[in-house]
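Presented sequentially are two complexes of chain A, the first with chain B as partner and the second with chain C.
And then the complex of A and B:
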């Protein structure tokens, strides 16, 4: 299959090269059977069978495994072939001279799309340059992380200042003169919004089971955001609805079934998130490629099998003020003003203006501000958006928090931060540092995928979430790939990860002497980077 | 033997802790073994003292400061007339310490030997981190009334007896959140308990427990001068003992799988939308789980049998029919076929 024409796609153009050791191969066929991308095939090679120098030209046919050279069926480096090979005869090796994306554009006249991670260089992340440096030793009570009690819950919903509370007294009885905005106290980790469609039905169900289990068995009140792809009606009508945050994004997918189910709901949902933007591809809308629009996805969303594009903006909204008046009002009204309504935007240079405007919301109907940083993952995006648009989460979260502090209004609209948390292996530390910088909590999708067995990386491994061919069954929509995912195991892994994170959060709270969440306790942080110190207003240390 | 009487307040001038302890030490070197000390809040009285001959030392103390009997040793006997502030018997390694009144916070903190008797109540974190060195007798900590909250935190050995006398008004004779992190030892309790840590359990007394309480109670009550209470306190119907839960029983919650089986939707969340019986496919699993299926074109086949010979799963019959349950969809049949009779997709 070698190219003969130099202008055709070459093996050396591909991002991953298959290294195959035929002396170890027993030709069991498992590697080719396991490859979801059809990137390798068995084939027959002609070889000279006698001495290479012999003038007698004798040939034999040899069965070998070869890499396919194709723009569509190419190796993503997922490693399933190595996993399944009994002898270690095959592996994918990164090609540092990869020219695939050039070849793709040159041949298809289309923008290159991918899924997964941003592929920005993760070295030198801001959060990794911040340490918890203020340790209570003899200054204030030191706590024992394993054995003392800690309060990790955080408010979700509009928090009014004491002087804005509408109370009056009648004799000795205190009563509310008008109803207060809904606020619930939840765990500071929200399972981020991955839609039914972006992830497989098994993955979505595993997250839902983990959420229910953590709440009902472990007493840890995590919430799960549905993503913009609807929610199974039976979940909505069940008692588990109260753990679910419903999302509405610009495509408004799935809301028809939600509305039809409302009269039969026994519980209010945990909240609503109006998704304006996402960190992985700010300014661009949702994208679900047709290959992933399986029959059940079509049904829940009410769409045909086609590329599903959510518009970059909500088409009925033209300003922040109008968003508050229309979108927040409608979503508050949907559940009779009993459910917190938050907004999710991509971190951006303009985030502070948006947050400031929302803080002035006169109706007290803005219940949370979710900021998504550029290191966030996504089911599918144009590579150009994924790799070149966005804003890091840390400084923007800090800006928003400090702008509220300057007005004495911190905590009134809870801030939640997300986007690539745990990228360097320390999810709890990332969460903790963002909380100290002013976040009420964090949200994550990629951590869930990691626990589920995602083989991708931030440096270009796999990242084929957009194809529906996810080899781990996580972002797959091919039935046989989806069924590779063990729902019970994934749900248990997510639960275990949260239990571990819970211990680790306490392990960081205890040394700084906090038995409740240290929201805005930036005095606990130090950095060895002078610029970070200046930008975030935290202590420089060396 | 003469008793050494020390008054620590003379002409409105108070002797410092250092002066007092150095005076006691000097007297012990001179052979004094019996002290009457009118203290004035000095710390550490009666602690870390011993005689060269190995004989006993006795301290009768009034108005001590914190840490009376701290690091006190075998052969030391301490009697406090009235109450004592925090840390009575801190790190006690063998002394018999009696406080006739109340004890302060963290009484018996880290005690690993000897006996501590409190004739009243004790404060918060009493009995925290008590230990038992198996080479020696376990420490004992007896309290007539109750303890403050967080008592017996992180206790890892020894015996405590909380008699719950005069505690009818209290919600808990151990305060709130007692026994957090307790991993060893025994706490005998008489009376109501509230807010006990989840790492321990309350158990009924057995014969050994009752015998221990009977024999120890007499001596305790004699020491604090309340022998008239013996009968009332030895009514075992109000007693229980607290011991740490065995490690394996601490994780007694149901697993996610059990939760799913018992509480989740019977046919799964998407049961009405997709066909899914929950089976998990492995990589390269044969049969319906395979990603690709080969198809044989009879008209092209030249009957060379290369496919049959090369199929690693022996999934092709002599008549070229595919055995679906064996085929993993590897594509070798198609690769070896000289005439493209097999296609795989």
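And then the complex of A and C:
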């Protein structure tokens, strides 16, 4: 009987199996060159070349492509090999009996890490079960998305109740008597917040270019959040800084450079986001594995080449009150109280408590509440966090909005929702529904990656953002891989996607008879799911 | 679609003018009702302008409940008037047993009270009576304020006029300002409280419209002031916003238009008053209206006001002769009761039309 070491990793344990048709292969080598994971290799097989019944033992050498069986170099199913193969000789096929993550833990004694989004999808998508069901007809005619004018702007910054504005009257004119918190009016979509390092410099630059183009050429005032990884000094000192929201998180990465560049800034940034948590891995800090800490990442962040782990909490902040007084005040003061300072937290059972605390803060210095749901993506996370921690965005956003309504304070701290938007193909519809449920706007990172050519999926395809070997050059830090990404083309795709989204948002605003954003207009929504109807307080339909 | 009208005159008018103004605008009427508010009263109410006038419709039990509340607080009756009922057969009207129009004296303890204290007492009393009547399902209180009389009823406007003997002029029942609607907001339940005009603390409002931001408005207004209640009609929100801007915030009237139909960000940023307008746009975003609307109002200064939605999706026309100004939905009504007049005004989507107490008309551009 043949012997076999059953405790070694086997090909059948891997999540993806390479199917290779030797008869179609012309041995061009493109597939092995394209594979960023080194999951396949050319190799030589010895085969008996004459009839098996012949007593002569004649052999021939055949060049074939073989799948590597390794914990480190294994196929992620990205499909680059089949994309480049001229003859369709090779493809990755999902292995439904995959045992890889078991083997990884058993052999490495370490938590398994990956990028992308949760692959479990146990909760289903609430937003897909909601429709825009209140259509204006006859009595209140619907608007014309092509011909009527619409305004898609939302306030970003702390909004005071009218009786707290302290306006005085001079004749028939109002005027301000006190300085008021900064409020800017932005497009309800924020590009967020992927750091230089988490994504390649080319990807980050493409988003920045798209942001500037949308603002300066198309007149669509989107804003981009830097993520926790700093910002190129040249950009910070340029006039384009006004479109950038600077993020500070527990690692404070990049802030040394930002502080040094501040005296030379010509424009105030669009805002500051203090990241407390993120939806993909709540309770965990940022994670940038050493393989992605390229030379320029070290320079921007001021760090050595090592695993960069942001602590789960901001060190030295032990309460909401203190964080308001210390961190928010510092950030407000840094820009002379002229820049909105917002907070980003992971959606959680406790989100409403946090929101309430900030709403009731007497200093009025929190200018935005970014709530990130569990379907959000990440550059890297422990799989256990990604798949098993978090809270769906929809009900928590609704809870936060309704708690504000209960106190008559809706709109005072604008709500921005994110996490898995566009997951099933319609970003505009997701954004619109969340706005109707109370969001002032939404933020997205994954949608940008999709437009850039991300080959991953939410069902386990690729999800190798953490390795620095992203085959699309999006989350890669390897020079050769990064060069696969065409900066201008990606920027163009993002711009086009937002233009399409703008049309689609108007196509949803028009039939419900709204020419400005329907923030909190849950009467426009229906659902065919009774539980969702009860939970979100929207009309049940069947 | 509702048809609405507001008439202001130097001469005292009988409410028959409202019925006649509405008559030709009743095409496709659904018999959902007729309602009017009279202000700056003449006739038998001429001498009681400083004293609160209660307008309500109730059952016998409801009448008793209201009287008990008033007596308990210390109000005393000065004068009562009841319309002469013509209850002929076949009239389309869902009449209530009692219609009460009662002038009351303030409680003795309010002898030296300020205007504000008295107004506070009136709104608190009105809310209390409304709540009590609602709980007992025993009637409706429409207004409780000096120099204001309100009547609302469900049915055919023509028959309501017959029932209350309103078709014939009567010197006892006259006013300088009359606002009226000849159809309820029939999108929702047909209830008396849903009939325009709505009245709150000196402000009267009536709209021909569909406020698609009703939910936003209502959710916000419910927490703004104790008098913002009911919400049986999406048009009440417009009255409450007018009241909030003027009575609560004490802002100049022009900011009402900036609140309900704010200019776009791009337009605002070209203006000198951009800082103020952007603050209003953000802070009062929940009071913006959307959808087709024409809104008419009467202010405590006895001025008429007219504004439209930002796309001007509903009609309105303003006609004037030397002693009367009429604002109404359709010119047909105007032609009926004021055939000889100056050039009509058709307001645009960015105008606020103000008819001053001396009948001069101002057109403010937002």
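Please note the rule applied: the second predicted complex is superposed on the first by the 527 of 542 C-alpha atoms of A that agree within 3 Å, B and C clash if a C-alpha of one lies under 4 Å from a C-alpha of the other, contacts with A are read in each partner's own complex, and residues count from 1 in each chain.
We adopt the following convention: contacts are C-beta pairs under 8 Å (C-beta built on N, C-alpha and C of every residue); 3 or more make two chains touch, one makes a residue touch a chain.
None of these values were measured; they are calculated from a predicted model.
Under the clash rule set out above, the superposition-derived model of chain A with chain B and chain C shows the two partners fitting side by side. Judged by the touch definition given at the top, the superposed model places A:483 against chain B, while chain C stays out of reach. Within the superposed three-chain model, A:162 lies in touch with chain C and out of touch with chain B [touch as defined at top]. Touch criterion met: A:148 reaches chain B and chain C at once.
The partner of chain A that touches more of its residues, comparing chain B with chain C, is B.
Of the two partner chains placed by the overlay, neither chain B nor chain C lies in contact with A:110. Of the two partner chains, neither chain B nor chain C is touched by A:97.
Looking at the shared chain after the overlay, A:56 reaches neither chain B nor chain C.
When the two structures are aligned on their common chain, the gap between the nearest CA atoms of chain B and chain C comes to 6 Å. When both complexes are aligned on chain A by C-alpha atoms, chain A residues 148-149 touch chain B in the first and chain C in the second. Those residues of chain A whose C-beta lies close enough to touch chain C in the complex are 136, 139-141, 143, 148-149, 151, 153, 155, 157, 159-163, 165, 167, 169, 171-176, 180, 183, 185, 405, 407-408, 410-411, 512-516, 518-523. Those residues of chain B that touch chain A in the shared complex are 153-154, 177, 180-181, 253-257, 259-260, 263-265, 268-270, 272-276, 278-284, 288-292, 310, 312-313, 328-332, 334-336. For chain A in complex with chain B, the touching residues are 26-36, 38, 41-44, 63, 80, 83-84, 144, 146-149, 201-202, 204-205, 208-210, 212-213, 216-218, 232, 234-235, 238, 294-296, 299-300, 478-488, 491-492, 495.
Across the complex, chain A is touched by residues 1, 187, 209-210, 212-216, 219-220, 222-224, 244, 248-255, 264-265, 273, 275-276, 278-286, 288, 290-292, 310-311, 313 of chain C.
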